[in-house]
Amino acid sequence: MKTAIFRKEHFNAAHRLFNSAWTDEQNNQVFGKCNNPNYHGHNYELIVKLIGEVDPVTGYVFDTKVLSDLIKKHILSRYDHKNLNLDCEEFKHLNPTAENIAHQIYKTLRSLIEPSIDLKVILYETERNFVEYPA
Amino acid sequence: MKTAIFRKEHFNAAHRLFNSAWTDEQNNQVFGKCNNPNYHGHNYELIVKLIGEVDPVTGYVFDTKVLSDLIKKHILSRYDHKNLNLDCEEFKHLNPTAENIAHQIYKTLRSLIEPSIDLKVILYETERNFVEYPA
Amino acid sequence: MKTAIFRKEHFNAAHRLFNSAWTDEQNNQVFGKCNNPNYHGHNYELIVKLIGEVDPVTGYVFDTKVLSDLIKKHILSRYDHKNLNLDCEEFKHLNPTAENIAHQIYKTLRSLIEPSIDLKVILYETERNFVEYPA
Amino acid sequence: MKTAIFRKEHFNAAHRLFNSAWTDEQNNQVFGKCNNPNYHGHNYELIVKLIGEVDPVTGYVFDTKVLSDLIKKHILSRYDHKNLNLDCEEFKHLNPTAENIAHQIYKTLRSLIEPSIDLKVILYETERNFVEYPA
Amino acid sequence: MKTAIFRKEHFNAAHRLFNSAWTDEQNNQVFGKCNNPNYHGHNYELIVKLIGEVDPVTGYVFDTKVLSDLIKKHILSRYDHKNLNLDCEEFKHLNPTAENIAHQIYKTLRSLIEPSIDLKVILYETERNFVEYPA
Amino acid sequence: MKTAIFRKEHFNAAHRLFNSAWTDEQNNQVFGKCNNPNYHGHNYELIVKLIGEVDPVTGYVFDTKVLSDLIKKHILSRYDHKNLNLDCEEFKHLNPTAENIAHQIYKTLRSLIEPSIDLKVILYETERNFVEYPA
């Protein structure tokens, strides 16, 4: 049986939810106040879950210090204190919903962690709204 | 791979745990102080998890505002500031344990959400006791 | 300069807010759904704060184990898994608002703790509604 | 002795910290990544504390439902899902630090609550950075 | 479909991470400050998850009071206020990482709970580092 | 009226509570399992509160980034992942209770922060036991 380890990090960012192919009316109807053209923002809490075998030499599935450094270098440096729509290439044409942000974080981390280790990304936009990928 | 979204809501309710077919002694032995005939109560924290595909047009699995409104209309209006044993038809002959409350919430929400979306209900009775259905 | 120590405990109880001298209309107008005649309930979080000098022999203002035992013996045994209106003499003619519950807890603990130590009671009815006495 | 009651609410907003009289170098030196010209954002947690006498008729210092409605009408409607620098007149020439936001909330609420009741505002910008006014 | 119940408990312990077959340099490189030969410590939060069928007579998958007592008797008595490396036989030759502590807790509880009920152990070493077994 | 700012940090440490002038029986009677001669440990949460005037040029009472760096340099480097009794000169002859640790942190920070700013230290040993100095 495998073991999972989790590491929690956080970043603060601004965003706006909208579909550029829609009219203002459509965007307001679907995205409500999240469609404010001047942006709003969140304290995102990010939990990265890695599933694998425990190395009998170290007692670790994966060193959480190494995982924390990976997240800081590749995710937080990219999103922390940023405007997701304006500052991040990947959200120029992709709506920065929690779902889509989680997908991008997964894609980035997946390429950095050996394939034998399974990966999940849990992202809290607020204490009351959060997502997990893959489910 | 699918994505999950979670929405957290809360309600405050009174309840009493007991089996009406049992003697007081049996009820006290199994349910202890939860069997107080005058009731006690909890701040229930409810997390609803929906699992599905992300709609490429909105970036959503399911609009959390719509989900929150569904929970308020069909669950919170029914249980918030209520005595579960006395005010709720479904617990007249069903012990309102966290397990059974979660089952009822699942049954109600399952009929309201399209079948292509998987549903889970997580219910905290206290910070230290909680349940998930289906597991 | 003095030092404060805090001990957190919790109890679960049912209650109903109302003024027996009022009509149902008046009670509903002021207390809304908290006036449900069948009661509702809460997970109360209680923080007791003691302010005094640190004893140089122990390094303690007050032993938190002793404080925890006092709270369990005199407060939790009285309110945990109880209906405050029906089971507790002090709320037979006193509305069990968070303010009034905090006053009663203060009165009970004040008589048990030496007068040289200042006492405050903080009581959470929910994560969003709480009180402190004395302020 | 008086009693305090607390009500917790939250809002999500974008902001940028900077002094328009300074050069970019000065702003970057003092405000670092909080000076991102494209803004970043936070989930602000707001706790309003009212200190007064308990009304013997209701058992309340102040009805938390009424307080919640006041906060929603006068504070959340103004700041929730807004860009504090662009959307809020008061921050056009005032740096929207947690300290200054708390001052503005205090000023607004102070004019709405009777002078016999003392008021404090506690504002969390993140779980690790928060302010209180007046201290 | 099965239902899961969760019970949260906690214990405070000291530990040191190292591999006795390694040099100090190797241990410092891999375990950093966790390799302090004088030990450091944590407030461990333990969540035990049991998955099974709800008993129609009680409305329980498993009585959380019974589960809490099992955890106190067999896990907390063994690890609470202990030095894991020095006081616990099982960690004399096994590195007390969160992964390995979770495995030991699983092994102990697995033998005490009927096989028809699935078991998972979630262990928080800090709010930011936690593990789950089996994943 | 002044404004307070708060910064939260954390450290993990081992300690043992005892009075070296006492017999083992006395130490066990007063300090119970906290007197384990092999030590136990905690995740300490530290909140530093500074009270002063808001600088109209920056909008800050005190830059929380600067405060965080001060805490890291002078407090966390000293206590994080340490055995307080063995590794810290100040606790060689002073019992490392939460009260005494808070006093030492206060003394260290007080000498580093300008006298016009008031200082308080809040230290959580566990979620349920915490102290404040000065009260």
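Each chain gets a letter, A, B, C, D, E and F, in the order it is written, and its residues are counted from 1.
Everything below uses one rule, namely that a residue touches a chain if its C-beta (ideal position, glycine included) is under 8 Å from a C-beta of that chain, and two chains touch if they have at least 3 such contacts.
Everything numeric here is computed off the predicted structure, so don't read it as measured data.
Trainee: Can you list every chain in contact with both chain A and chain E?
Mentor: Per touch definition, common to chain A and chain E: B.
Trainee: Are the interface residues of chain C and chain F largely the same numbers on each copy, more than half shared, or largely different?
Mentor: different
Trainee: Select the chain at the greatest separation from chain E, using centres from the mean of Cα atoms.
Mentor: Result for max centroid distance from chain E is chain D.
Trainee: Measuring between mean CA coordinates, which chain is farthest from chain A?
Mentor: C
Trainee: Rounded to a multiple of 5, how large is the rotation, in degrees, that superposes the C-alpha trace of chain A on chain D?
Mentor: Superposing chain A on chain D takes a rotation of 180 degrees, nearest 5.
Trainee: If you match contact pairs by residue number, which of A-E, A-D or E-F shares over half of them with C-D?
Mentor: A-E
Trainee: Taking contacts as defined above, which has more of them, B-E or E-F?
Mentor: By the number of C-beta pairs in contact, the winner is E-F.
Trainee: Chain D to chain E: how many Å between their CA centres?
Mentor: 41
Trainee: So the centre of each chain is just the mean of its C-alpha atoms; given that, what is the distance between chain B and chain D in Å?
Mentor: 34
Trainee: In whole angstrom, how far does the Cα centroid of chain A sit from the Cα centroid of chain B?
Mentor: Between these chains, centre-to-centre, one finds 28 Å.
Trainee: Which positions in chain A touch two or more other chains at once?
Mentor: Those would be 127.
Trainee: Taking chains as nodes and touches as edges, what kind of graph is this: line, ring, star, complete or other?
Mentor: Looks like something else, not a line, ring, star or complete graph.
Trainee: Output every touching chain pair, sorted by label.
Mentor: By the stated definition, chains touch in these pairs: A-B, A-D, A-E, B-C, B-E, C-D, C-F, D-F, E-F.
Trainee: In the complex formed with chain D, which residues of chain C make contact?
Mentor: 17, 19, 30, 32, 94-100, 102-103, 127-135
Trainee: Quick check on the complex: what are the chain E residues that touch chain B?
Mentor: Touch residues, chain E against chain B: 1-9, 51, 54, 57-61, 63-65, 68, 118.
Trainee: Using the touch definition up top, name the residues of chain A that touch chain D in the complex.
Mentor: Going through chain A, the ones touching chain D are 10, 12-15, 33-34, 36, 38-43, 80-83, 86-87, 126-127.
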